[in-house]
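Structure record follows, encoded as structure tokens.
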Amino acid sequence: MIELDNVAYSYGGAELLSDVSLKLAPGSFHFLTGPSGAGKTTFLKLCYGALVPTAGQARIFDQDVREMTRDDIAISRRRIGVVHQDCQFLDHVSMAENVAMPLKVAGRDVAAEQQNLDDLLSWCGLSSRANALPPQLSGGERQRAALARAVILSPDVILADEPTGNVDWEMSQRLIQLLVELNRMGKTVMIASHDLGLIRATKQHVQARVLRISNRRLQLAGADL
Amino acid sequence: MIELDNVAYSYGGAELLSDVSLKLAPGSFHFLTGPSGAGKTTFLKLCYGALVPTAGQARIFDQDVREMTRDDIAISRRRIGVVHQDCQFLDHVSMAENVAMPLKVAGRDVAAEQQNLDDLLSWCGLSSRANALPPQLSGGERQRAALARAVILSPDVILADEPTGNVDWEMSQRLIQLLVELNRMGKTVMIASHDLGLIRATKQHVQARVLRISNRRLQLAGADL
Amino acid sequence: MPAALTAWLTGDASADRVVPPSGFTAQLTLFAAGVMTFLTVFALALSLATGRLAERWGDDLARASTVRISAPADQMRTQTAAALRVLETTEGVESAQALSAEDQQALLAPWFGPDVPVDALPVPQLIEVTESDGGFDAAGLRLRLSAEAPGAVLDDHTRWRRPLVAAASRLRTLGLLSILLIGGAMAAMITLAANAALAANSQVIGVLRLVGAKDRYIARAFVRRFTLRALIGSVVGMICGAIAILFLPDQGEVGLLTGLGFRGIEWLWLPLLPLAAAAVAYGATRRAASRVLAALR
Amino acid sequence: MPAALTAWLTGDASADRVVPPSGFTAQLTLFAAGVMTFLTVFALALSLATGRLAERWGDDLARASTVRISAPADQMRTQTAAALRVLETTEGVESAQALSAEDQQALLAPWFGPDVPVDALPVPQLIEVTESDGGFDAAGLRLRLSAEAPGAVLDDHTRWRRPLVAAASRLRTLGLLSILLIGGAMAAMITLAANAALAANSQVIGVLRLVGAKDRYIARAFVRRFTLRALIGSVVGMICGAIAILFLPDQGEVGLLTGLGFRGIEWLWLPLLPLAAAAVAYGATRRAASRVLAALR
């Protein structure tokens, strides 16, 4: 699905990531950890084509990122659901409409998916706030809405950047369970997080590989995690 | 310092908080927990006067919030350092300047405090990013910068809303340690968080009371926490 | 209207919801389009009025000359007839007519009073000459006249015609200049307002791009919104301008001035202004949108 | 300049850094102030030129009358003298002067040719009368003239004076109207640009308020920035406008028109425009800032 081949990235100064190679197979489940500022968000951005590697090759759905047109990127984003660390919304439309936005821009019939939307919102504990505008949501509610928006198109790949940083333990378990279910349906999942407790708990339900960014390299974490 | 007396708050619909009474004594250390959407952020906003209670009385430094002029509120914010859940900055000036902003608007001599500023940034692991603009920071770096900005004036009260949601365990220990040191110097500290591990770890260093919002009430959490 | 345009104008109502409904930048676009159209209506009216003025002066004043025949009473008739023959065969003369005794008396009235018997005076005979478009060769005509009718003197008014024609063309330039100025200012203002609005909405554009919207979808939503806004503002400005022009005090023609306003078919210039404003907004928003989009991936 | 104003203009450079340096809304303010001042310069020039025109017509045309004396040759002198005496003692007449034979000949030349001996003709004597500001009572003057000089006829040109005066005052109204229109549009545009800029900077305002800045500190930073921006834009617009006016083609006076431009002391109107623009920007930004601030706590 997504292949990085000796990829390096720098924001202009020194290299932040070097020599990163990774193949995300369909149906795999990955965690991504590393200290704050290590480059987790940068790595995810390389994976969904928001950044172009400064060296090496990144391939998304067998297309070289460098050769993708702007429309190719837009189309690929309908197959990759992303939860951003700083979740942003259209502040003038309701939360439910924001969650349904990917359906709308993909030209899908929103009314036909209404049931799915309602189920998803209620699973994320957002039903009662469906009509609120995003600025009226609490921090955790925003994060849950961002996750709901990322999976509404039932994409092939889900990349989540700290999807549980602002929610309590029970709710984070529910959210992870949702991702685990999607993974069982064959979706590829990658979650960036530094909540080691969460990672440990999840590993009891699914066979997850834990990647760690340290010293600019991507490494497979030991079995202790 | 801050006194809430039978305070209630609603955003227009049903009451979100009812009958909340609390007295924050100088030198106390509080944690605030509760499920996502319970009203932690709302409660903190009542404490620093960003919201006016819909019922009951809130007093900040012995002044009734309802009777404070806009300038009174501005002055009170120089004595209360706040870390917001969605940390916002002036995007066009460097991170270091952002951290020093409270000094500037209070009319203090920024140059004289340069040493403090540098120490603070290096404690928060931000020295190397001092000249970056806020949009160029990682999520965790933004959170640390927000904490640094909240304490730069060495305020009497520090209210932190999820200050460690986006940082790794080691860094969150460092940040909490900073707050504990400040508390030892007599500052009042209140931290909203749902990281129970963090709360447990902190309680080994400082005598902290844990408050919990549930069913619209503010309760003292049991000793198990 | 072609079906494609109608469809575009009606638009995909759901797509339009992605653009925030209002705000200051929106008001700015509306207002800038409205005010600038309003001013352009006036500039246009000024331009058309000066055009008319220049034309009238050019026609009435510049193309009229006089031949004056002073001769002993007995030769008057023959010399007048000879001069008229010469004039009729001169290229560039459209018509030539001897003034009647009454006409001459009316002309002289301010000096002699209405009761003076012109016939009894040795008053010269005047012939009014109307030039055709090309005008005639004054020097040649003078030569021929002096041969045929020695008492005839050609006065082609060149002396005082020149400055008036110059003034008229100055006025015309002024009208054109003002329309260019105000029209250019309108275009620039709409462009800047569209840019400001798009910059203010950069979060919307970013979010749409992140959830998989193609550039065309995003650009179109904004372009339609802003084009319609400029169109509406401009139509309102045009209507207000037209009403103001209609209710200008005193629309009669006085002295050398024609009324500031539109005549008959000239009103058809007005609907062009909103179309121009909409076209400017369309181009500006498209360019601004693709600039903002190019900065994202 | 008072020290307080200088201090305000120079400002606390550090406080100014809190306002983002540029962006489209900033350009918009600069540009709106510049363009609208540029247009106002033209409107002002138009207004002043029409004012001059109206004045000249009012003075030269409206206040000149003629008395025509037709009498047998032997009475001409006495009647002329009598009429002059009457005129000199009439209230509202500033001066009265009999035209010399040469002047009369020049006037009649178009009709009689330059060579006709005016003396030999029963040409009436013309007296040019200049009214004082108040004007005279034409009916009373006529009565007195008919008593003293029966051959005298007063022609006070009312017939063709009226429409010209009306035209002149119409032009003056037009000039004033255009200056009001463009000036008003400038004020509205600067206000909207300031509002848009402040709306775009609401995050800055929120952050400053959160870190303990007083309203005065925040408002002042923005007000200074925008006032200066409007001032600079307006000064540039004024200079461009003045240059354009100076380089307008053909500045001579022709026909009934005076040149579109400024004369001597009239140039002093120009510096008022940037001051007005700055004042508008000051007021608008203050109001916009306190509106944005009032929505925060």
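Note that the chains take the letters A, B, C and D in the order they are written out, and that residue 1 is the start of every chain.
Definition applied: a contact is a pair of C-beta atoms (placed from the backbone, for glycine too) under 8 Å apart; a residue touches a chain by one contact, two chains touch by 3 or more.
All figures in this text were calculated on a predicted structure; none of them were measured in a lab.
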Neighbours of chain C that also touch chain B are A, D
Please indicate which chain is farthest from chain C, where distance is taken between mean Cα coordinates of the chains. B
Top-ranked pair of chains - ranking by C-beta pairs in contact: C-D
From the C-alpha centre of chain A to that of chain C, how far is it in Å? 63
List the centre-to-centre spacing of chain C and chain D in whole Å, with centres computed as mean CA coordinates. 23
When centres are defined as mean Cα positions, the distance from chain A to chain D in whole Å is 68
Which category does the touching pattern between chains fall into here: line, ring, star, complete, or other? ring
Pairwise chain contacts, counting only pairs that touch as defined: A-B, A-C, B-D, C-D
What part of chain D is in contact with chain B in the complex they form? 14-15, 17-18, 20-21, 203-204, 206-215, 217, 293, 297
For chain D, which residues count as touching chain C in their complex? 23-25, 27-28, 31-32, 35-36, 38-39, 42, 66, 68, 70, 104, 107-108, 110-113, 115-116, 121-124, 126, 153, 155, 163-164, 166-167, 170-171, 173-174, 178, 181-182, 185, 188-189, 192-193, 195-196, 199-200, 248-250, 254-257, 260
Quick one: in the complex, what on chain B touches chain A? 11, 33-37, 40-41, 85-86, 125, 129, 136, 138-141, 144, 161-162, 165-171, 194-197
Spell out the part of chain B that touches chain D in their complex, as residue ranges. 49-52, 70-71, 73-75, 77-78, 82, 84, 88-93, 97, 101-102, 104-106, 110, 149, 153
